[in-house]
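In order of appearance the chains are A, B and C, and numbering begins at 1 in each one.
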Amino acid sequence: MVRRHPAGKEQGATLMVWLVALGITAVFLWLLSDVIWQGGQAVNGAFLTQAPAKAGLEGGIAPILVSTGLVLGVCIGVSLPLGLGTAVFLTEFSPQRSHRVIRLSLDILAGVPSIVFGLFGNAFFSRVLGLGFSILSGGLTLACMVLPILIRSIQVGLVNVPREYRQAAAALGLSRLGTLKTLILPAALPGIAVGILLGIGRAIAETAALIFTSGYVDRMPTSLLDSGRVLSIHIFDLAMNIPGGEQNAYGTALVLVILLIVINTLVSWFAERFRQSKLQIL
Amino acid sequence: MSRFKNEATWRVLLRILALCSGAILLLILGFLVWETLPILRTVSLDRFWRDPGWHPSEQAYNLTPMVIGTLGVTVGAVLVATPLGLLSAVFCQYYAPAGVAQLYRRLIELLAGIPSVVYGLWGLVVLVPLIAKVQPPGSSLLAGILILALMILPTIALVIDASLASLPPSYWRGSAALGLGTWATVQGVCLPAIRSGLLTAVMLATARALGETMAVLMVCGNVVQVPDSIFAPVRTLTANIALEMAYALDLHRSALFASGLVLMLVVTGLVVVTDPWTDAPEG
Amino acid sequence: MTSPTLSPQSLTTDHQPPSIWVKQLSLRYGRKVSFANVDAQFRAGQITALIGPSGCGKTSFLSCLNRLHELTPTAQLAGQVYLNDCDTETIPLTPLRRQVGMLFQKPNPFPLSIYRNLAFPLKEHGICDRTHIHHIIETTLTDVGLWAEVKDRLKAPALSLSGGQQQRLCLARALALKPQVLLMDEPCSALDPLSSEVIEDLILRLKGIYTILIVTHNLGQASRIADDVAFFWVQHDVGQLIEFGPAKEIFANPQDPLTAAYTSGRRG
């Protein structure tokens, strides 16, 4: 670029911006196609339904899918009531600043590194509560981690419910609880769905918080107190600790990425529905 | 009337739930401090950087190499990702045709959600061998910087994209009336106008890079050393925790918790500085 | 549209409608004073129109009478409101708001079915008998002239009704709770002239059964339906009650030059 020629500078800048964008796209497409190509060779019906053999070099990921599902189930089962209650309390029952402390603490919680959640989960759930390396303690650790996302999304859903409903309900002398159950929660339902999906998305992608809470065992879990290996840990273990495990690591990664894409699509679908339903009301 | 009692009960219940949620942070901090205490009681603080090395079995707890590893990887990744993320956002807002911009944004959003372990896997299988061709062993500070840069790039691009989108169109009209070109306007008007957005993006990306574990664990080589070149393997604080927690006992375990506590405090500081609760939904 | 007919059920309320006293009533939002030092006695069973320019605190004044201003956290009220001899501060919110119904400027039915819009508040107020609920719904919808129009589609969403129908549904929703006072905040301003006339007729038929306060910018409407008129004006950035009296006198023989200036525009 030559400084004294503004037109040349503009052209140079355009070129640079396009090159960067193309470069980034190329690298990311490389990554995605690599996962799809390599993973595609590993994934088939048997891969999804069989148990891993030879430390995962052979066989499939069936018990790992089950463990992942159970960890997610524990995570959402615990964080949803807690998050819903907190979001409702923060938006509907304490509009003043008196509960800024809770908000602030949740915002900080959202930024805590996942490995720190892992440390905490290990110290509290696995040791103090005596749950050991188990699906339960992994799920509980993840519940703490997704709570801020969940609460934030539900709050956004609740706040966006038109003010007129609350006004009309108050003018009719209706109780806040009745208004909440009949009017506000149904109207905020898509927002709540988005929150749950974002929470699942974050939880399913998580590895570091689970290494020393839910553990490595790749057998089919028989109870929530069993250790269970989730998808992301399976990828990590195959890639790092098992020579020649890349193929099946890619296969597992493909399954994980597809799950995430499904979740993302659902999120934007619900968000779009939420936007439309709001427009219809206004 | 029972209905009022009912409502009062619910109110109390909801308050308890909210307090539980708020208390989790305290619980985490409490446990980190509690687990850190043993080593603080027995070992003086300066041994974390004066000890002859990191040999927990021989009571040597020098964390300096890991701190340098973490800082090197983080600073490098932020330096690489910030200009790229910035240009990528500028591309989306001002250079790409509407359809292309939409597609590109979708791609970036998708990548923001890809698990770090998948980035790590790709780095290990594709990137590390490439670097090894230039300069063995491949697993290195450079690999960590590149993979981490790739991971935080979507964060930076999306935050800047959103701040650019919020600029009033009058800026463009004013600048067009002066006969300024696209790049001149971006450089002279738009970027100065979104300084705070830029800062937020960099802070968030830094926080994410500092706390990232899996990707760096998989590509950095994890040798405890102060790197003498960009091709040298390093170990970060997070990787150190992930590698050793499984078998660490007593003071060793306590030292790992200490490094976790430090990480948490630094990241918390960054989050608080970024002031995220200004855009929190107000009840 | 069919002319609404009042059924005898809704003509008999348990009590005589109350008169409303306000004493030295002032409202502030943070530092901004909405209106100050309003003293007035609104006669039982009569229609009082609140008139005046926009921003003079009429709507805020109305919202203090059923304590709806408490929804705004920054609102601070001084002074007293009495229903007959009872200070509204001493009445719990739910019975107060059941006693004092309200109709808003923009029709605001809930995003539920027509039937549920009426049934849900009734259930909330402890009326659970289905046949009783159905009876009340039929009566009140008949009262507002909506029954014939919607009786075949009670399960349809209330938001599918036209604006005028929605406003009548909201009126029915308020009447179903058997209030004694009705507050109306420009109930016709968002409606077309025809629907507006239907609502106006309805309001006239409610006279004597309810104590009605209506905010309106339509001076013609005020002179057609109101027994008393309260004229508000902004002085020194603060809403004030300038003149209050029988409608005929306010329009024919205003005492205050501001009132005279404002009401003289009514034929224009």
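To be clear about the criterion, a contact is a pair of C-beta atoms (placed from the backbone, for glycine too) under 8 Å apart; a residue touches a chain by one contact, two chains touch by 3 or more.
Keep in mind that what you see is a predicted model, and the values were worked out from it rather than measured.
Summarising the inter-chain contacts, the pair of chains with the most C-beta pairs in contact is A-B.
Each chain's centre was taken as the mean of its CA atoms, and the one lying most distant from chain C is B.
Averaged C-alpha coordinates put the centre of chain A at 49 Å from the centre of chain C. Separating the centre of chain A from that of chain B, both taken as means of CA atoms, is a distance of 17 Å. Between the Cα centres of chain B and chain C there is a gap of 56 Å.
Residues of chain B in contact with two or more other chains: 3.
Residue positions 95, 175 of chain A are each in touch with at least two other chains.
Not a single residue position of chain C touches two or more of the other chains. The residues of chain A lying in touch with chain C in their complex are 95-96, 164-175, 178, 182-183, 186-187, 280-281.
Chain B meets chain A in the complex at residues 3-4, 6-7, 10-11, 13-15, 17-28, 31-32, 34-35, 84, 87-88, 90-92, 95-96, 104, 107, 109-111, 113-122, 124-126, 150, 153, 181-184, 186-187, 207, 210-214, 217-218, 238, 241-242, 245-246, 256-257, 260, 263-264, 267-268, 270-272, 276-277, 280-283. Put simply, chain C touches chain A in their complex at residues 66, 68, 71, 73, 93-98, 101-102, 104, 106, 108-112, 120-121, 123-125, 159, 170, 173-174, 177.
Chain A meets chain B in the complex at residues 6-7, 9-10, 13-14, 16-18, 20-21, 24-25, 27-28, 30-31, 34-35, 38, 81-83, 85-86, 88-95, 99-120, 122-124, 128, 144, 147, 151-152, 155-156, 158-159, 175-177, 201, 204-208, 211-212, 232-233, 235-236, 239-240, 246, 249-250, 253, 256-257, 260-261, 264.
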